[in-house]
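Inspection log for the structure reproduced underneath, given as C-alpha cells.
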Amino acid sequence: MIEFRGVNKWFGALHVLKDITLSVEPREVVVVCGPSGSGKSTLIRCINGLETIKDGDLVVDGQRLGDRATNMTELRTEIGFVFQAFNLYPHKTALENVTLAPIHVRKIARAEAEASGREMLAKVGLGDKFNAYPSELSGGQQQRVAIARCLCMRPKIMLFDEPTSALDPEMISEVLDVMVGVAEEGMTMMVVTHEMGFARKVAQRVVFMDAGAVVETGTPEEFFSDPKTDRSRAFLSKILRH
Amino acid sequence: MIWFQLQSLMGSYPLALRGLGMTIALSGISLVLGTILGFALGVLRTSGSRWLDSAIGLWVDLIRGTPFLVQIFLIFFILPELGIELDAFTAGIIALTNLAACFICEIVAAGIRSVPTGQVEAALASGLSQWQRMRQVVLPQAMRVSLPPLVGQYVLLIKDSSVVSAIGLTDLTRVGWLVVQRVPNGLLVFAIVGIGYFVVCYPLILLARRLERRMSAAHGEVQL
Amino acid sequence: MLENFSFRTIVEYLPLFGQGFAATLWLSIVSFAGALAVGIILCAMNLQRSRLLQLPAKIYIDAIRATPLLAQLYFLYFGLPRLGVVLPELFVGILALALNSGAYIAEIIRAGILSISRGQVEAGIASGMTYAQRMRLVILPQAIRVTIPPLLGQAIVLVKDSALLSLISVAELTRAGQLLASDRFMPAEGFLTTAACYLVLYYGLKSLAVFSARWLGVRPIGSRT
Amino acid sequence: GTLDDITKRGELRVAVQTQGPPFSMVDAAGKRTGSSVELAELMAKEMGVKITFQDYDWDGLIPALLSGKADLLVADMTPTLARAMKVAFTKPFMYTGSAVFAKTDSKFGTMDACKAKGTKIAVLLGATGEKVAKETFPDAEIKSYKGGGPLLLDAVNNGQADCGVNDVSAVKGQQAAYPAGSFTIMPEVLSKEPLAFATRYDEQDLLVWMNLFLDQVALDGRLQKNLDYWVNSEDWKKDHQ
Amino acid sequence: MIEFRGVNKWFGALHVLKDITLSVEPREVVVVCGPSGSGKSTLIRCINGLETIKDGDLVVDGQRLGDRATNMTELRTEIGFVFQAFNLYPHKTALENVTLAPIHVRKIARAEAEASGREMLAKVGLGDKFNAYPSELSGGQQQRVAIARCLCMRPKIMLFDEPTSALDPEMISEVLDVMVGVAEEGMTMMVVTHEMGFARKVAQRVVFMDAGAVVETGTPEEFFSDPKTDRSRAFLSKILRH
C-alpha cells in the first residue's frame, strides 16, 4: 500500500530522511516512534505529498509520487491525515468540517454528505455536537472531529502525526479508543505516537527512527521487551519511566 | 512645447526645493513627536483603566473621523479665540503630531494586545512593577508586531502633511499649485510633485517591507 | 469667527449638504467596491509564484503607496485625455479612488491571508482540495475576519480622500462646505458642518465593521496588561 | 485702531490668493508678483511699513482674514452683497467682466453654440463666473473646478469641458502660457463686475485709508499704469515668464 | 506557609473554587491533580495573586492576600511560578531571562546577578546555553530555564502549573529530574501535574480536585492504592491506563 525505496530528503543542508526503505501492507497498522527531530513527521508527510522527496521512490496505492501521471490532488483523497494540532476549520461547525471535502472534492450531494457526516460523528462519540464550533469543543473532541473528517472521505490509508500529544491526559484515552476502533475495522494506518499502550494493542509493527534513519523495526513485543539498539533502549527507558 | 515648459519649470527648482524641505521638516518633526506621544497613548490605552481607554478611544475616533483640514483649521484659526495664538508652522506641527499620535496609538495598542497573556503573567509573577513589565517584557515584543504597520503609517502621514498649505505653509504640493498657475501643464507639474513624494516615501516602504520579511521569516513563510 | 456662528445659514444650506452627503456616500461605496476588486486581483497576482505576475503587482502597489492621490488623480484626469481617452469626471474620480485604495487593500488582504496558520492550509491540501477550493473554502473566510479592522481603516481613508474629487468638479460633501465658505464667507459654518457629516459617516462605518465582525463570528480581543 | 497696530508692528500682513496671472502669481524666480500684489506693496510703501504676504490656499483665505491673522485680503475678488455681510470691501479698483472662451478649432466658437443643451461649461467653484454661467447658459452642464483659473484652460484644452467662463482679464493673462491662438475669447462680456480688496468691519480705519489710497492712485495715474502693464496689455510677460 | 480558609472564587456565574480549605507547611511538597477544568490552575494562581479571590482567607508566608498592608509585588518575589507554556521572554537570552528580575526587582548588581544566574543554569543542566534564545532551545530546555529563572529569585515557595504537559515525552524526564532536585533541597512546593511517578517519588501529599472543590487529600500511597471517591477512582483509571 505504501512503499519507500531508498528515499532521501534534505531541508537545505539538513539530511532529514536518510535512505528510507519501508513498506506498509494493506490493513497493516504501523506505529512510528523516535526522539524529537528524528524525521517522523517528515516521513509521513511525504506520503501525501505535504513534503516532496529528493530521491528514491515512494509508491502509494500503486502510484509513484512525483510521476507526471500521478494526480496528487486525487491521490490525497484516498489518504486521511490527522494532525497533532487538529487543524479544524475554526469558521465551520463540526458537521461542516466533516462534510466540506466530501461535498467539494468528492462532489457528493449535500444531503447525502450530511447524513454520512452525522453518522461518522456519532461513531466517534460526538452525536450531540453537530453544530458546535471547534472553539466550543475540548481538545479531545476536536481531535475526534478531525478523525471523523478524514473517515468521511472513506480513505484507503490513514496517517496520524502525534494525534494525542496536544491533549490533556484524561482526553487521550477517548481519542485512542476511536483510533483503536478504526484500526480494528481494517484500515491501513501509519501512526506517529509515543503512546506505547496503543502500539501494544493494535500495531503489527513498530518503526523506530533516529536522526532521519529507520534504526529498528519489529513487532511491538520484540521492540518493547528486547530493543536491539542502544539508542532505542535509551529512548524507551526515558519514555516508559514515568 | 513640453521642452519649453520643462525649461520654464527648471526656473522654479529653488522653490520646489524649499517646498520639499518644508514637507520633510513638517513630517519629520511631527512623526518623531507623534511617535512618542502615540506610544504613550497606546500604553495608557492598554493600562487596564476603562476610563482612560474610552477617553483615548473617543479622541482617536474624533481625529480619525473628521477631515484633517478641519483639524488644522481649528488649531490655527479657532484656538486664537481662546487666547492661544500659534504661528503657522507650530500649528501645522501640532495638528500633524496629533494626527500621527492617534494612528500610532492604535497600532501600538494592537501590538501590546498581541503579546500573549502568559508573558505578562510571567513578569507579574516574578515581581516586576507595571512600568518594568511594559519596558522590559511587553513593549519589546509589541514592537515586532507594530513596526511594519508603523512605518507604513509614516508614509500616509507624510502625504497628509500636504493639507498644511491651507494655513499658508508652502510645502511640496503647494509649490505644485503655485507653479501650475504659471506653467499650466498640471500633468507635468504634478508628475514632478509625485516624484518628490516618491523619493521621500519609497525608502520607508522598502524599510517596512524589509522589517515585515524579517519577521515573517522568523515565523516561517506560509505556503498556500 | 465663532461668536457669530450662524446656525440659520447652515439650515439654509442643509439641502446642499444633504446632496453632498448622499454623493459622498454613494461615491465611496462604489469606489470601495471597485477598490476591493482591484485589491483582490492585485493580491492574487502578488501571491503567485510566477515573477511575471508578481512583479507588476509589486511595482504598482509601491508606486501608488509612495505617491500622493492628487498626482494620481491628475494623471487620470488630465493625462489620459492626452492619450486620447476622455472619460467623465465622475468615472475618473471613482477610478482614481478605486485604483488608489486598491493598492492598500491588496496589502491588507495579503497580510490577512498570510496570517492563516500553515496547519489550516495543510488540512485543506491533505483532504484533496485544489488551490482554488482552499482559497475559497478555507483561507479567505478566515482571512476576512482578520482584515475587517484594517479594511475599516482604509474605508475611512477612502471616504475622506473622496473630498479631493471636488477638485475635478465632482460635487460631494466637502464642496458643500466650500460653497458656504465662498458664497457667504462663512468658513467656520461650512467646514464644521462638513466635519460633522464626515463624523456621522465614520461612526456609520465603524458600527458596520462591528456588525459585520459579529456576523462573521469574530470575538473582540480584550485588552489587558 | 488697526492702523496704529500696523505702524507699531511695522508690518502690513496681507493674505493673497494665488489665482494666477495677472493679479497674483509666483514667477519663475519664485517671487510673488502680479497686479494686486504690486498694489498691496504700494500700500505698504505709503504706510511706511514693510509687507508680509501670507499665501493661503483657497480654503484658508477667508478664515485668515476673519480670525485676524491677516490685516487685509488682496485678490481679484468680486464684492457680492452676500459676502459683504461678513467682510468689508473697499471701493472697486477696477471693473472686469466674465467672458466665455473655447478652443479655437472647436465647434463652440460662438455664444449660440455654447447655449446648446448639454454643453459642458467649466467655471471656478464659488467664483462669480459660476453664477453668471448658470444664468446665461440654463441648458448647459456647469462643472465647477477648484484650484485656480489655469485649471479651467487646461480642462477646456483637454476636452473635459467645451468652454469656460471666467474673469476676462484672468483668462487673458492665463492663456499666455499656451501657444498663441489656442483659445478664442468671445467678445460678449456676460457681466460687469467690480474687483475689490477686503478687510474686516472692525478695521474701519484701515478701510477708510484703503479707499483713500485707491482714490489717490487713481488720480495720480499709478493705478492706471499698473493695470496697463498687467491687465490691459501683455507687457508683464517679457519680464516675468 | 500557604493557608486557604474557606476560599471561594467565581468567574462570572461559574463557581470555580468552592470553599477551599487547605494548608501547606514549610518544606512540604503537595501535588494537585484532577480533571481538566476542575480549578487546579485557578487554585495555584490565586496564591501569587494572578487571580483574586472573592471570599475566604488566603494567607501566604504570613501575609493575608487582599489586605491593604500586603504588598503583592513584594510577596511575589518570594513565590516562584512555573507555567505550562514556559513563558520565557522570547527577546532575551537564557541568561537575560534568568537575571531580569534579580536585577530590576531585587536590585542586585548585574555582575553578581549574572554570576548566580550562570550557576543556576548550570545546576539545571544548561551550563552551555547561557546565550541561547528561547527559540533555539528545546521544550525541555526552555522549561528548565523557566525553573532556573524562578530559583534565581531565591523564593520561599515554588508553584508549578503542569510544567511537563507541553513537552515531548523524552524531555519530560529531564524537567522532572530538576524538579525532584529542587524538592529534595527542601523547597516548599505546590505542583499541578499528572505525572504520578513524580508524585510517588517526592510528594508528601496529593490533593485531588473536581468541579472546583477539593475532593480528596492523602499521601501518595493512600491515594494511588486506595482512592476513596468514585470520581478519583475513575480519574486514576483513565490517567494510568495508557
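We just call them A, B, C, D and E in the order they show up, numbering each chain from 1.
We take it that contacts are C-beta pairs under 8 Å (C-beta built on N, C-alpha and C of every residue); 3 or more make two chains touch, one makes a residue touch a chain.
No experiment lies behind these values; they were computed from the predicted model shown.
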item	value
Interchain contact steps from chain B to chain D (minimum; 1 if touching)	1
Most remote chain, CA-based centroid, reference being chain A	D
Selected pair, greater C-beta contact count between B-C and C-D	B-C
Distance between chain centroids, defined by C-alpha means - chain C, chain E (Å)	51
Euclidean distance of C-alpha centroids - chain A vs chain E, Å	34
Centre distance in Å when chain A and chain C are each reduced to the mean of their C-alpha atoms	46
Interface hub residues of chain C, defined as touching at least two other chains	1, 78, 82, 117, 187-188, 191
Sequence positions of chain D contacting 2 or more other chains	59, 63, 66-67, 147, 154
Touching two or more other chains - residues of chain B	69, 73, 77-78, 81, 186
Chains grouped in pairs wherever the two touch, ordered by label	A-C, A-E, B-C, B-D, B-E, C-D
Of chain C, residues touching chain A in the complex	117, 119-120, 122-123, 125-130, 133, 137-138, 141-142, 145, 216-217
Sites on chain C touched by chain B in the complex	1-3, 47, 62-63, 65-72, 74-75, 78-79, 82, 107, 113-114, 116-118, 121, 131, 134-135, 139, 153, 156-157, 160, 163, 174, 187-188, 191-192, 194-195, 198-199, 201-203, 206, 221, 223-225
Chain D to chain B touching residues, read off their complex	15, 18-21, 25-30, 54-57, 59-60, 63-64, 66-69, 147-151, 153-154, 174, 177-179, 241
Parts of chain B lying in touch with chain C, wherever the complex brings them together	45-48, 53, 61-62, 64-70, 73, 77-78, 81, 109, 112-113, 117, 120, 130, 133-134, 138, 152, 155-156, 159, 162, 173, 176, 186-187, 190-191, 193-195, 197-198, 201-202, 205, 216, 220, 222-224
Residues of chain A touching chain E in the complex	35-36, 138, 165, 168-173, 176, 194-198, 235, 238-239, 241-242
